[in-house]
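Both complexes shown next keep chain A, but they swap its partner, so chain B is in the first and chain C is in the second.
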Partner chain A sequence: MPARTAVWWTILRISLEERLVYRGDFALGTLMRFLPILTQVFLWWAVFTAASTGQSIDQTRIVGYSYHDFIAYYLLTMVSRAFSSMPGLASGIARDIRDGTVKKYLIQPIDMLSFLLLNRMAHKVVYYTVATLPFAFVFYLCGDFFPNGWPEPQVMAAYVASLLMAFLLGFFLEATIGMIGFWFLEVSSLLFVYMLFNFFFSGHMFPIDMLPGFWGEVVRIIPLQYLAYFPAAVFLGKVEGPELIQGLWIQFAWVVLFMFTSRAAFHLGVRRYSGFGG
Partner chain B sequence: MTMAVVEIESLAKSYRVYQKAEGLAASVAGLFHRKYRTVEAVRGIDLTVEAGEFVAFLGPNGAGKTTTLKLLSGVINPTSGTARVLGHVPWRRENAYRRRFALVMGQKNQLWWDLPAAESFRLHQQIYRIDPAEFDRTRDELTGMLAIRNLLSQPVRELSLGERMKMELTAALLHKPDVLFLDEPTIGLDVVAQYKIQDFLKHYQRERGITTLLTSHYMKDVAALCRRVVIITHGRIMFDGSLAQIVDRFGGHKVITLLFADGHIPGDLGVYGEVISEEPPRAKVRVDRGDVTATLGRILQQHPVVDVNVEDPPLEEMIAEVFSQVDESAGKDGELVVGRGG
Partner chain C sequence: MPSGPSYLRVFLTFARNSLVRNMTFRGNFLIETFSSMSWVFMNLGFYILVFQHTPRIGDVSNWGEYSFAWGKYEFFLFLSTTLMVNSLVQALFMENASEFGEMIRTGTLDFALLKPIDTQFLISLQRIDWSSLGNLVVGIGLAVFSLHKIGWVPSVWQVLLFMLFVICGVAIMYSLMIALAATSIWLGRNQSLYNFWFYITNFSRYPMEIYRGTYGTPLRMFFTFIIPVLVVVNVPARFLVRPLVPQTPMDLLLPVFAFVATVASLVGSRWVFNRSLLSYRSASS
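Let's turn to the complex of A and B:
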């Protein structure tokens, strides 16, 4: 076990160093991600103004959500996505399969999924280091949108747990999609479809509890809500008590399921693999 | 006593390859009905390699050399047959086996592109569980032999191809593997870098007695490094023996280079053999092996020759000869397998 910890630590450390090579580009990219916040704030402001029909914008409700609720929700999904989004993971795995780089993990005594997970953790650590200040600044500016302030400590603990699980779920989900590269050499279209579904059904675009009927049922069943909506809902106190505990367990179950699915896909894929790319 | 390190029996691997005719219409048709062709990359190979041997796999492109190395390093599973390397079945990919071999591919980069090689080496130390003191010693020894110690802290992307290959070799040897697979390690390198890598491999292999399998298109690599040569074409072993045996069998003639005293090349040189080149004052004549002494005697009697050189034709030529003979006999399903010689 100490040997394994040493390996993990080395992978983490080297991944961190690798990230820091392109720190300039990375910092700029991170800051640019904050621009959409402005457009979203104005978008919903315009929507609510149009819907207000004479009354004050603060009293206007759309499916139970006020303008303030919307912005608060949107900011929190930004935080969720900072944990659950995995830029380049699936496409990177598919590319490694196509060009033969995946051989490295077959020849060396190293587990590909663990390696990629540690690598991704390093990416996230660097990202949070760069993004924490801008995030704090945005939340400070938007403090008015959170009239209740910080949640209770237990809720906060649940929130942190749901964020960490959102990270793991995002990782194993995308890793599974990347493994499809063993069967279909190109996964970019599939990934595009996934991203599209993710955008709508994870709650990134709007709070998914707004969805009525059939689609409401669908989003409650599929795991995507745990990538963005669920942690935000926990923070905002929209899920409480037994419902919260149940939600965390379901999220955990999805993590475990995709952990096994990605591993199984890797094993089956390797058996199929014929060593493309010379 | 020698011990078999690699034991291969009836090993075969076939791929299913998607076939697409040229043009858009065919692409559309391919959406509904795909045609596949089975490519038999390796069709039943038997081979035993003893500990400490340095074996070259030769063969035209697509002959099955690399596929064999991929099977032996566990990258792919075979269609049928068995193989054992150091007592392990390679495609089970057990860590116990993976810590004992290394695969170096001339066209693939296993080091972290943006970081100094020293970092990749450190990672290897961890994943191969090399004792830190031992690691320092091996790293210093290898980088010293390859003269790359001063490049250790330079990002890999800034190294030349030759320097990078030396780093790749170092990374592959840090855990002191017992078996080394080299897939075209000198591809694309200039002559000096090729020579240095050959020289390093020769010394390292001799000192450590590491069992090595090499594929290469450079005959110089093969001549410098390997006593035993296995020729693979169409997925089968067509020749297994020493380089000397290839020369005996396929080098049916010798090349005599003559330097004429008066700088003038006689016009009747053709009667002695096939004139390959005439560059006054030198000329090269191809002569049957058995007739070399007699022919040379006659030439020396008739003409004012100041210097003579008799040599085998270039190895490339002989190997090309082997390949073409094999191609001709392949239709008759004849094999040219020669018993192993020492």
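Let's turn to the complex of A and C:
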């Protein structure tokens, strides 16, 4: 056990150092990622001015969201996505399978999924260390969009829990998709479709409450909402009480499900995998 | 007397070669066309949702001069203009601009410099991505559909002016892109510059009326007069949705300005491009 901890620690440390090399570019990139929010601020202002017929904008509600809620929601999904997005994970796994790099996990006494998970954790830790400043800066500037300030401690705890699970769900979901590379050589178009659905149905582009009827129900069933919408909704108090507890359990269940699916896919995939040369 | 190459013929050859290339991988071509279209349809879905909650975007009463209240189908006309401009930029220049960055990094720009043809022309149009033109078709289709829904038939002059200013818009976007790509000669790498391009053009995708108030007005001014991305879609789109009769001085002035801005952008980007070439130091040759 101590030996294994040492291995994990080493992996984590190497990944940390690797990630810190480009910290300047990182911080700047993070700040720029908020630019599209600026257009959202103006777009929704225009929408709300037109929608508020006869009443003040502060009182106007669209699917239960005030203007401030909308902007706060967009800012919060940025936080959710900072946890749940895994750039290049699935495509990386698929590439490793295709070009045979995956062999190294089969030969060396390292488990691929654990290795990648640690790698991502290191990436995220560095990301938060560097990105906290730009995030704090933007949230400070946008303080007006959060008229209620911080939520209560219990809600905050639930929020943090949902963020951590968003990270795990994002990881195992993408890892599972990457494993499809064992069966199909080229998964880039599949990944594009996933990315597309992710962008729209995780709530990154708009609060999923806006979707009516059939689509609204579909989106509530599939796990994508836990990657962006759910944590933000928890923070804003859109999900409360028993519904909140239930939501957290469902999110947990999805994490466990995809944890097993990714592992099963890896085992089945390795069985049909054949490595040559090397 | 040595005559220069026929640029039109060279361009047509590029176009034909790219088409042959695209058609070699037909499955991939179809997937690419389809996936960029699905992105568009998802976006359209978003705006359909937005318009379920509001009758229009932008208000005439609050911001005089050059303003317009975009109803659902008027906004779709705006959106279709965005689509046309973007698909043309993507089809003609996007791949070439990123290839340009690669050429600088790897030193293959040497070969382009040696060819007896204008380097900027060669770099900018070498490859055409035909699959991006799918969205041009979607854009035209959406425009026709929206015009039908509004029950409005634009005159021939309006369509011609629309096309002229779409071309101006493409030229402005191109200038911005090639100038940004050229800076990679100085910086070595241009990863975040591409993000920068994406984020800046993001501002062009909305009617300029939405930028108002204490922060909005300076922003609108900046993206109209300093980096003219706001005129790219706004000016042509307006030619399509409204009768040609100018109602305020701005209706005349802004198109004129857009034209001037196009020329200035092209000249400016050419200057940046040539300046950057002077600093090119090749790689390992």
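One rule holds for everything that comes next: the second predicted complex is superposed on the first by the 267 of 278 C-alpha atoms of A that agree within 3 Å, B and C clash if a C-alpha of one lies under 4 Å from a C-alpha of the other, contacts with A are read in each partner's own complex, and residues count from 1 in each chain.
Just so it is clear, a residue touches a chain if its C-beta (ideal position, glycine included) is under 8 Å from a C-beta of that chain, and two chains touch if they have at least 3 such contacts.
What you are looking at is a predicted structure, and each value in this text was computed from that prediction instead of being measured.
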Chain B versus chain C as contact partner of A:100, first or second or both or neither
first
Would you sort A:29 into first (chain B), second (chain C), both or neither based on which partner it touches?
second
Touched partner set for A:273, first chain B, second chain C, both or neither
first
For A:160, is the partner it touches chain B (first), chain C (second), both, or none of the two (neither)?
neither
In this superposed model, does chain C or chain B come into contact with more residues of chain A?
C
Quick one: classify A:17 as touching chain B (first), chain C (second), both or neither.
first
Contacts for A:253 in the overlay, against chain B (first) and chain C (second): which applies, first, second, both or neither?
neither
Residues of chain C defined as touching chain A within the complex:
31, 35, 38-39, 42, 45-46, 49-50, 52-59, 62, 69, 191-192, 195-196, 199-200, 202-203, 205-207, 209-213, 216, 219
Interfacial residue positions of chain A with respect to chain C in the complex
25, 28-29, 32-33, 35-36, 38-39, 42-43, 45-51, 62-63, 189, 192-193, 196, 199-200, 205-206, 210-212
Going by the contact rule set out above, which residues of chain B touch chain A in the complex?
15, 66-67, 70, 73-77, 93, 95, 98-99, 102-103, 105, 107-108, 110, 112, 114-115, 119-120, 122-123, 125-129, 155
The answer for chain A against chain B in the complex is residues 3, 6-7, 10-11, 14, 17-18, 21-22, 100-101, 103-104, 106-110, 271, 273-275, 278
